[in-house]
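Both of the next two complexes hold subunit A, though its partner changes from subunit B to subunit C.
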Partner chain A sequence: MILGWRLTDAERREWLERLLGSGRRVVAPTRDGGLLLFRPIASPDEAVLDYGNTRWSPKEHLFPRAEELFSYRLTADEVKLEQRAPDAVEQVLFGLRPCDAAGLARLDSVFLDGAPDASYAERRSRTFTVSLACDSARPECFCTAVGGSPGGTDGSDLQLVHLDGSWLLRALTDKGVQLVETVSALWEQATDEDWAAAKECQRAVEEEIARTPLAAEWAGVLDGAFGHPLWAAVGERCLGCGVCAYVCPSCSCFDVDDNGSAFCGTRCRLWDSCGFASFTKHASGHNPRPDQPSRYRQRVLHKFAYYPLEHGSFMCVGCGRCTVLCPVGLDIQQTVRRVVEEALA
Partner chain B sequence: MSESVATVASENAGAVAWEPRIVALVCNWCTYSGADMAGTSRRGHAANARIVRFLCTGRLDPLFVVKAFENGADAVIASGCHPGDCHYVQGNYLARRRLTVFRSLMEFLGLDPRRLHFAWVSASEGIKWAATVDQVTEVVRALGPVGRWAAPPLEGLEQFALPEPDAEPRASTDTAGLTEQLREAAAALLAEGGASVVLGYAEGSLPGQRVPIFVTEPAEAARLVWDESCAANLTVYLPDAVRRRHGDGKVAIVVKACDAKAVTGFLRENQLVREDVVLVGVACEGVRLEGRLAYKCYECAEGVPAGADVVVGEVAAARATAPDPRDAQIAALEALEPAERWEYWQRQLDRCIRCYACRAVCPLCYCGTCVAEKNQPQWISKAADGPGNTAWNVARAMHLAGRCVGCDECARVCPSEIRLDLLNRRVAQELQTSFGYRAGLDASVPPPLTTFRPDDPGEFL
Partner chain C sequence: MNGFLPHLMRIAELRQETPDVRTLCLEFADRSVASGFEWRAGQFALFSSFGAGECVFTIANPPTRGGRIECTFKRLGKVTTSLERLSTGELVGFRGPYGNSFDVEGWRGRNLVFVGGGIGMAAVAAPLRYVLDRREEYGEVVLLNGARTVPDVVYKDEMQEWEAIDGVRVVRAVDPGGEEPGWKGEVGLIPAVFERLGLKPDGRTVVVCGPPVMLHFMLLTLDKLGYSREQVVTTLENRMTCGVGHCGRCNVGRFVVCRDGPVVTAARLNDLPEDL
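This part shows the complex of A and B:
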């Protein structure tokens, strides 16, 4: 029995209004200039829910582009360290695509498993995710190749499905239930037929995506192909910018940067990318990944070999943003298939 | 750092009323001595300027000015020896050109030009120095504090819409024939030893996507394509491809007329030897981005790159052109109040995620270590926030001043759709009006900011 409701568009709006009025920050796809991005919204009308995907993933709301860890100041008689007070507001990521929600689940495994990262954990505990199942596919979509689906629920507390002008809302976690508990009694329960119709719609989108899944055992094949000469050819095109990593819902690498003087300054955590030459450059000047093909290989292998060998799932959720936004059109999924094909030949 | 320094400064200011904070970047030989002269001759002046001494204004990097503002300055004075008096003969002439361009760029970004003051003050002009400091202090006092040197909040701000062109000068053309000719030309080059590799465009994995390809076998030449989606400037690969394949043979590259200007840039800056490359010029009727003619193509009259070794196709003799739509867009922005322009650009720059794709695709951004990566000292904050993004984008535009060939690759690949092309073009306009200079046309003309004329304009000084 699925816990869920069928909402009219007016009810969906009203719920969003209620969330906005509850003191929570609602972060939804909205227009910033010509770009669709996840930004805090002020009214339900600002949320764009009829969309393909945002320019980059909503990860910046949990793992900011630049985050001050602490500031320091030297005075005549003391060194003063000040930690930025954590933002105590609860936030709702509203209307994110299942691939982006799955991306958050990947970030959770990086930042919360083992020794949890304090600031990520802090934000994550106050974040609710309401995903929005896809009713159409874009040419770059390949979630079905990496274990996801247009209606995937990984990383979602609640999921919305747009169905014939109304909305199905499904509670997936206790947090999700918490987000609707004051209003759900007013809503109509969704029926088995509704869910069947939603499933049918998602099956159609899966067909539209039409990707053959990447096999789990390819992680081992790729790992074994570390020294394959093909890497030099596939990585030759890579120009070494950070677009792929920065728009990626699952990339989690960061740099720690001290910005200031001997007297005052801040220590910041900033996004970083394995595609940059400086990522692995040692203080001595030696760089264990001396050229762009070796850095590109690291990106591919981390996502499709090292991470899955350790955690079982790919570190890629198939949103396809990197393929669209790569200045030279590198297609990571195609690279994986090509290397595996060559390695097995 | 900016925030902390600003905090310290504002706390120090604390109880007393706001006073303009002015940073004066002065040369050791003239203005510093001039300031000394004001002191020794007991010439009083406003105590608002903090002097930073340099050996020469020629050392004055625009980033110093940016850093001063970032750290809470309300105005910056830059001052050195009078023309002809430079201790190092030409440092102040070079500074004059650099500051001319920098000033126009900052003004375009929305900084009130009254906050950026340039003056020639000699060692004997203590009175002039005192008057300059007094005058700037009064002007800035009237203007008030500089405000936030960072992006404004997004709420409630309407995005300013730039004017778009009504009609395109040229329609789409069928390029299937050109693709065939290109493949034949490339296969011939590879088969006959004319080149060891041909750098061209191939189909990408997404519909309409064109991606770079390195073709080394004649049979592979069939993968080459040419059409109006081939927007990328492949010359970004050129110096490195030549270095890596040195001894194997020449590197052939498919270029449009705009791309070929970057080759001129490489030759001028000794990044390339012309004999190492084979330029395969294609007749281009314009490239299209998401269906619309790229702005850079409007006024392009060339069609076929000058100096190509192999030419594929031909362009119509009477080729329609139209004014570049960016000129109207720049004019529209310049018609705004400085504060509105500042807001426009800060909103744009706030989106910068510092992926450095603009740098990666730029053929002329070839430095081994970019200034953005230097951290001792760190002139550009690595943080993707208002101050860091402003410093980075100003530095990028200034480093390309007179070197940018207008291929617009930076703007094309920017995931945040920041109008970097407008910044580049505004700088190019300034170089043309002030120094009569256009980039990418002649390899024998030195970059405009590495040279000077004694009679260069400098009315703002």
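This part shows the complex of A and C:
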């Protein structure tokens, strides 16, 4: 039995109003400088919910582009290190697409498994995710090729489905239930027919996306195709600009650097990309990945071979942002298909 | 607990090994950290100079010589240049230890060969010193140290102490053209000098640390001499940022150096892609 409700648009708006009034930070798709981006909103009207996808994924609200790890200050014979206290405000990521929510689940596996990353874990623990199922597809969408779907729930605490002018709201985790507990008693329970209609709608979107799934066993094929000559031919086109990594909902590589003088400053964590020439360059000048094809291959193999062989899912959620924004039109999904096809030929 | 927050360590002593290689001997500024601090030979740490950033070095002293932490580094980039400007009494950042370690327990009773090329000698130092500190537990020990030129030889004084130990043979080599009048050591690239030593593979473990190109040719030489790849151990020296498998920088295929290494057998290297 699915736990969920059917909300009118007015009820949905009122709920958002309540969330804003509860002292939580609500981060939703909104217009910012001509782009649609996840930004904190001040009123329900600022949330744009009839959208394809945002330019950037919402990952920066859990894994910021630049983040202070601590500050340092040198005095006569001492060094003072200080950590800024977390802002401790609960945040609600509202209206993210299922692919982006799945991207957060990938980040969780990187930053929370094994040796948890303190600042990510702290931010994650006070973050709620309300995803928004897709009722249409964009040309670049390929979630269905990488194990996702327009109504995928991976990484979501709650999910909204737009259905005939009203909204279905499905609770998926205890955190999700917690986020609606003061209001859900006022809402009408969604019926089996509602969920069946939602499912039908998502099936139609899946058909629209029309992608053949990448087989799980391709991870092993790709891993074994490290030396395939096709990498050089395809990767030669890559400019190493890194835009793919920056807009990616699951890319998690970072650098740590000091910002300041020898007397005071901060140590920061910054996004990085395996596509950059300096990413693996040793101080000696030796670079294990000395050319762009070897760096492009790393990006593809990390997402489609190394990560899946360890975690069981691709480290790509099929949002298609990298494909749209790549200045030379590299399509990661097509690359995977081509390499596998040739490796198996 | 913020894993990036370093311990503060004071430079208790420094040694200028060569014109561009320095050893720092560090003591925890907070003495209460020192008593509970444990590590194993082969593990690494991130050392930092505030304002310049962090750098990965192997911990050059073994746990048999506790109380301090030593690192030996070559001035090459921003952080090492900054660290080299520091004087005795100044503070540096330290976080670690990270990674796996050498199987020094498993080597008991075996004959050991340590091969250190250039600054790779720092990676050989911890297991070598460990073995020498428990000399009676191990067989014959050979150290082959290679440097580009005579002034580039590190740990000069200590090497004299080592060769005075019973059952320890120290072979020094410099690259062709790097010798000076009066040089009594070998002249030649490390793989060639190793071959000239005529060491039979039986019952030996070989630890090889050095630049990637040296490692490449050493492995070929060891193959040729009949050493199995199981008896050869090295360390991977990829760039690392976090030390705990998160930052995505140090992987060689599925092998994440900071998490699965840095110590690795040559046999394991066979399974890794040519991404070194």
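Convention: the second predicted complex is superposed on the first by the 344 of 345 C-alpha atoms of A that agree within 3 Å, B and C clash if a C-alpha of one lies under 4 Å from a C-alpha of the other, contacts with A are read in each partner's own complex, and residues count from 1 in each chain.
Basically, contacts are C-beta pairs under 8 Å (C-beta built on N, C-alpha and C of every residue); 3 or more make two chains touch, one makes a residue touch a chain.
Note that the structure is a prediction, hence the values are computed from the model and not measured.
> Should subunit B and subunit C be called a clash or a fit once both complexes are overlaid on subunit A?
fit
> Can you report the vertex angle at subunit A, computed from the C-alpha centres of the three chains with subunit B and subunit C as the arms, to the nearest 10 degrees?
For this superposition the angle at subunit A equals 80 degrees.
> Mind working out whether A:H302 is in touch with subunit B, subunit C, both or neither, as first, second, both or neither?
A:H302: touches subunit C, not subunit B.
> Looking at A:A343 after the superposition, I want to know if it touches subunit B, subunit C, both of them or none. Which is it: first, second, both, neither?
Touch partners of A:A343: none, neither subunit B nor subunit C.
> With both complexes overlaid on chain A, does A:S294 touch subunit B (first), subunit C (second), both or neither?
In the superposition, A:S294 contacts subunit C only.
> Which partner does A:L112 contact after superposing on A: first (subunit B), second (subunit C), both, neither?
Touch partners of A:L112: none, neither subunit B nor subunit C.
> Between subunit B and subunit C, whom does A:L74 touch in the aligned arrangement: first, second, both, or neither?
Only subunit C is touched by A:L74; subunit B is not.
> Considering only the touch criterion stated at the top, classify A:S261 as touching first (subunit B), second (subunit C), both, or neither.
Both: A:S261 reaches subunit B and subunit C.
> Considering only the touch criterion stated at the top, classify A:A283 as touching first (subunit B), second (subunit C), both, or neither.
After superposing on A, A:A283 lies in contact with subunit C but is clear of subunit B.
> Have a look at where A:V328 lands relative to subunit B and subunit C in the superposition and call it first, second, both or neither.
Touch partner of A:V328: subunit B, not subunit C.
> Does the superposition put A:A197 against subunit B (first), subunit C (second), both, or neither?
Neither: A:A197 stays clear of subunit B and subunit C.
> By how many Å are the closest C-alpha atoms of subunit B and subunit C apart after the superposition?
5
> Show which residues of subunit A both subunit B and subunit C reach, each in its own complex.
255, 257, 260-261, 263, 265
> Within the complex, which stretch of subunit A touches subunit B?
32-35, 37, 39, 42, 55-56, 65-66, 71, 73, 139-140, 233, 236-237, 239-243, 245-247, 255, 257, 259-261, 263-266, 268, 270-271, 273, 276, 278, 323-325, 327-331, 334
> So in the complex, the part of subunit C that touches subunit A is made up of which residues?
Per the stated touch rule, the residues are 1-6, 8, 48-55, 74, 76-77, 80, 82, 89, 91, 93, 211-213, 237-239, 241-242, 244-254, 259, 273-276.
> Using the touch rule from the top, collect the residues of subunit B that touch subunit A in their complex.
1, 3-5, 8, 154-155, 159, 204-207, 209-214, 232, 236, 347-348, 351, 353-357, 359-361, 373, 375, 378, 381-385, 388, 409, 412-413, 415-417
> Could you please specify the touching residues of subunit A with respect to subunit C in the complex?
Spelled out, the residues of subunit A in touch with subunit C are 69-70, 72, 74, 77-79, 81, 83, 110-111, 114-115, 117-119, 223, 226-227, 252-258, 260-263, 265, 267, 269, 272, 274, 279-284, 286, 288-289, 294, 298, 301-302, 305-306, 309-310.
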